[in-house]
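Just passing along the structure, written as structure tokens.
Read from first to last, the chains carry the letters A, B, C and D; within each, the first residue is number 1.
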Amino acid sequence: MTTVLESLNAGLHAAMETDASVYVLGEDVLDPYGGAFKVTRGLSNAYPERVITTPVSEAGFVGVATGLALSGLRPVVEVMFGDFVTLITDQVVNGLSKYGWMYGGSLDIPIVIRTPMGGRRGYGPTHSQTLEKLFLGVPGLRVLAPSAFLDPGALLKAAIDDPGPVLFVENKLQYQRRLDDPMFSALAIQHDRQEGYASAATAGVAGAPRPQLTIAAYGDMAERAGEAQIKMAYELEIFSELVVLEQLDPLGPGGDLPRPLQDSLRRTGCLLTVEEGTFTHGWGAEVLARAVEASSQKLAVARVAALDSPVPASRALEALVLPDIDSVVGAAQKLIAALDG
Amino acid sequence: MRDSAARYRAMLRIRRFEETILDKFATGIFHGTTHTYIGEEANAVGVLEHVRDGDSVFSNHRCHGHFLAYGGDMRALFAELMGKATGVCGGRGGSQHIHWRNFYSNGVLGSTIPVATGVGLAGRLRGGDDVVVVFMGDGALGEGVIYESLNMAALWRAPVLYVVENNRIAQTTPIELAMAGGIPGRFEAFGVPARDLTSSDVEEVAATAGDVIEEVRETGEPRALVIDTRRFAPHSKGDDTRAESEIAEMRANWDPLVIHASRLGEGERETITEEVNAEVEQAFTTALGDPEPRVEVGAA
Amino acid sequence: MTTVLESLNAGLHAAMETDASVYVLGEDVLDPYGGAFKVTRGLSNAYPERVITTPVSEAGFVGVATGLALSGLRPVVEVMFGDFVTLITDQVVNGLSKYGWMYGGSLDIPIVIRTPMGGRRGYGPTHSQTLEKLFLGVPGLRVLAPSAFLDPGALLKAAIDDPGPVLFVENKLQYQRRLDDPMFSALAIQHDRQEGYASAATAGVAGAPRPQLTIAAYGDMAERAGEAQIKMAYELEIFSELVVLEQLDPLGPGGDLPRPLQDSLRRTGCLLTVEEGTFTHGWGAEVLARAVEASSQKLAVARVAALDSPVPASRALEALVLPDIDSVVGAAQKLIAALDG
Amino acid sequence: MRDSAARYRAMLRIRRFEETILDKFATGIFHGTTHTYIGEEANAVGVLEHVRDGDSVFSNHRCHGHFLAYGGDMRALFAELMGKATGVCGGRGGSQHIHWRNFYSNGVLGSTIPVATGVGLAGRLRGGDDVVVVFMGDGALGEGVIYESLNMAALWRAPVLYVVENNRIAQTTPIELAMAGGIPGRFEAFGVPARDLTSSDVEEVAATAGDVIEEVRETGEPRALVIDTRRFAPHSKGDDTRAESEIAEMRANWDPLVIHASRLGEGERETITEEVNAEVEQAFTTALGDPEPRVEVGAA
């Protein structure tokens, strides 16, 4: 019963063991604490000289890590809360994502920036956001998110081996999810390549009739979408295909819709995108646009996301703002109803 | 300028408030996180007793003590941490994002420093002698925007007091692993004169802070006050990686309540203690009974 | 023959004259220089005490301006190049856009951040970008872009009067455009409200037959789209309706598609979005998604944008990467062909 | 350690290169912008003569002089400014974004400082005594990320020399309007010892820089060198808001070529001048005839 957290931690251990050029930098990453969310636990005990705890200088240490990468090392940087990627925007957008290209295309920048996004913990407006959308569509940057449906640790290790820069988007509540969650035993899951080394999982309730609807999701919301999928199948007889993507951007080869998603849409003609970030200009907008552009028939489409609001601290308000299982179910019902009606 | 009893009461209110939070956190009534001020009460009380109506105060993640010392309502703060409608920000902000009158806190380290500097500058542009007090920790000094702000404060003569609460640790990181050079020098290098005070005696803090704030008011220029202090409790509610002996030493030598207690008669102390215990209990129970926020949200 | 630059400059002068609480901050904004692109020219001579030239501290002076706004003043901040908004992301996303809401909804933050985006000057990868997409979909922030088809100065003045925060996106090449450009005399232009105080212009070649295609655009690309529209009408007999929006986000009331765009799409059933920023996760994705979500019929859709690449310095390479009149014409032809075929 | 003739030649190559750019800019053959180094040649030449193969150099928007002094090819730099395929970066980077061997420049002020610090740190982690030299102007010191970087450089012992070319102006903003405090103090406050040098005499610059770079190499620790210098030409190609008398005074008292000239025989100077003129002319003409880049672009 491995959790996402354990898998990521194991991936880091494996990367540091097999490659002496891997360094870990971040705030409070040293043992015994092992990072605010414990993803780096055990690393500084095992590799004291390759784990560097930093001052509270997000822009600065991402820049320093870029220098390590320019020098042929493989830094893995932890930004303690995803909300603080706002502080590294310049180093990412005008720095590490451009160097490879703008200096003539000859340079590798093997850096991974890991950070946990997400709410539902009552941390309030500056510690609960899902901000990866800020970094979607940045040329030269690969944005990944692990999933309990696939192999988080393997994805992280592959990202560390990537010669180019990667933003690796984790999620606070996802850490405790089990990779082999019995909750999902009802699902038949098929694995495919998405793009590069990223994978996609296509899940459907085993033995269910032809799917009416394709759900595209990633990260923690993919797992919530999986729960919604099961609930819909058993309680509402709405049958769906869930396509879980590890790579948020670029979506597929050349940025096109990834194959597994294309295939599913060919089967269903109906797309529901699901993400935890705010609705407007989210990940779903690009997925929806690519799907519509690629399709000859009229697709039924909808997006599930957070309200266009900051994330409140209060449990009641937070639950209202953030999407969850019922938001997915509700949106799916409306889509299907519109199709039938 | 307050008397000893008032200061003792002000510090004890913070101590009991924070103890209540830590004590009750496990029960799950507080959704979210907390950063308690236990051990550092003398800073908030000693500094903020000099703040007047038109002044503004900016705080950080560890803001409960600052808020209470500023005059914030205890029940409203309990309610905010419980996410109730009666909370300081109606449950939107939670522990780290508090606003009441001219008091503001934000959870992103360093991010409030330029904003506080701007409020100071606005005061000077409007005229008058209002000042701004902004609190930051030693760890926050890692953020570059702080130095951008100091430079502008000195260039444009913003009446701001930058207070560094140097408890020599950031979350789990000891200052030795996070800071090169010295703290006062970092202010002076940007044209902001700094005073250094190693004490958790509220009288000493109040005296020094009074002088510096007066200086800011009179000159209309920025100053810094670096207070060496100690954090007794865990960073947040979770595990503390420091040795117990280290904490014990702090509690023995740095407790502002113990240090100040001797200045009060025992009877006086007991009365205050009973009254504060009752007040905190009362505020807590009231907040607990307060209504949840009406569930309707729209972006500002 | 007013230019966009003159109109914006006049808007600033008018705002400072009518409201003593308006302050201008930015790098090199003092006369005689008057700012890198001269938008602030004459202000410091006229209002010496209300124009503040800043150190090269973008994050810092945006934060300071936020403090001025919190105190009831109306700061207008200039970020010298749009590429440097990467440095103010935290102050915008976790600061000024949230304060009004997260502190209980009682606070006004009347700040305007102006900045010129755009390439075609050979300034290279860090001085030529169109980065407003980073700030589209930030709750609490209004994003505006002036257009020569409407009134740039009036929009800027209205933004300064806005009690909430505004990102005001200008464009380097747009500055020299004329508001009454004879080039556009062939167009019949109708003005409507878009949302709040922002307007929309709907343009069509006068006396042309029923439009086949709706082009949605803003800023400098809207003017290039206007040229494309005329070229298409006279040379290719492709008739289009150009909807120019001043407000990029939120698009319309509640974030929905603005009325003028809805109306045009009802007429044409065919949407082409046009922007200078990179393609993936651009403004067009959200416009397209909203249009498709709102439409019962199948819309023909396509997006024109820059290649997903940094902006090269070389003239030849820059022309390849950035969209222009011919990109709009080409995309329109393909759309129309697909409809007919 | 070079002889006087070599230094004269190195400075003159930069001077003539930049004059050619300014002279020809109006013709439109250079797409984009430029920031000329005229008047500051002694810094690049005096500092970079101490750089060895494994060392790295980071530069800013005003990078032509640094690039040429580093050993960069003049024709390739002309070609890059013309956007030709033979340009240093194939026409992608242009004037401000240059990379060749271990030389890097970027147009976002301050943004290279942490990166250079990281390259320095990598050197120490790998072992050996390579150093990093990073140039910045007085104006760039407004960027907070620089101070974040200094702190880490001192904490982690990164062998980096931070060179501030203090020409007392940023674009059109005199240092008095942009900087509070003093420059060396800003480095020392973060644990980075700093040296201040007021001179545009290449021999003095070379001597001081040689000492400091040696110090960085031996100790493996960061140091700063602040050079007071003067910018003779406009910030970019455009209008200069400074008084002509001010420029005249600079040219009279601060010209590194004039100062250094006396150390060479007249004949020697003439030969060098003729050779450099020919070299620059040759490089320019060749670049002019170079092919445009093949038009195909993909994100990295």
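For the reader, a short list of remarks on this structure follows.
Going forward, a residue touches a chain if its C-beta (ideal position, glycine included) is under 8 Å from a C-beta of that chain, and two chains touch if they have at least 3 such contacts.
What you see is a predicted model, and the numbers here were worked out from it, not measured in a lab.
Common neighbours of chain C and chain D, listed by label, are A, B. Steps from chain B to chain C, taking the shortest chain of touch contacts, total 1. The geometric centre of chain B is 46 Å away from that of chain D, both derived from CA atoms. With centres defined as mean CA coordinates, chain B is found 36 Å away from chain A. Chain geometry summary: the mean Cα position of chain A and that of chain D are 42 Å apart. Mean C-alpha positions place chain A and chain C at a centre distance of 30 Å.
Residue numbers of chain A whose C-beta contacts span two or more other chains: 54-55, 57, 59-60, 83-84, 86-87, 90, 94, 98, 101-102, 124-126, 139-140, 308-310, 312.
Shared interface positions of chain B, i.e. residues touching 2 or more other chains, are given as 90, 92-93, 97, 106, 108, 142-145, 148, 151, 155, 177-179, 299-300. Across the complex, chain D is touched by residues 142-148, 150-151, 154-155, 177-182, 185-186, 188-192 of chain B. By the touch rule above, chain C contacts chain D in their complex via residues 27-28, 30, 32-33, 36, 53-57, 59-60, 83-84, 86-87, 121-127, 307-310, 312-318, 320-321.
On the chain D side of its complex with chain A, the touching residues are 88-90, 92-93, 97-99, 104, 106, 108, 111, 113-123, 125-126, 144-145, 148-149, 151-152, 155-156, 299-300.
Chain A makes touch with chain C in their complex at residues 83-84, 86-87, 89-90, 92-94, 98, 101-102, 124-126, 131, 133-134, 136-137, 139-140, 249-250, 255, 278-282, 284-286, 288-289, 292-293, 297-299, 301-303, 308-310, 312. Touching chain A in their complex are the following residues of chain B: 30-33, 80, 83-84, 87, 90-97, 106-110, 139-144, 170-173, 177-179, 239, 241, 292-293, 295-300.
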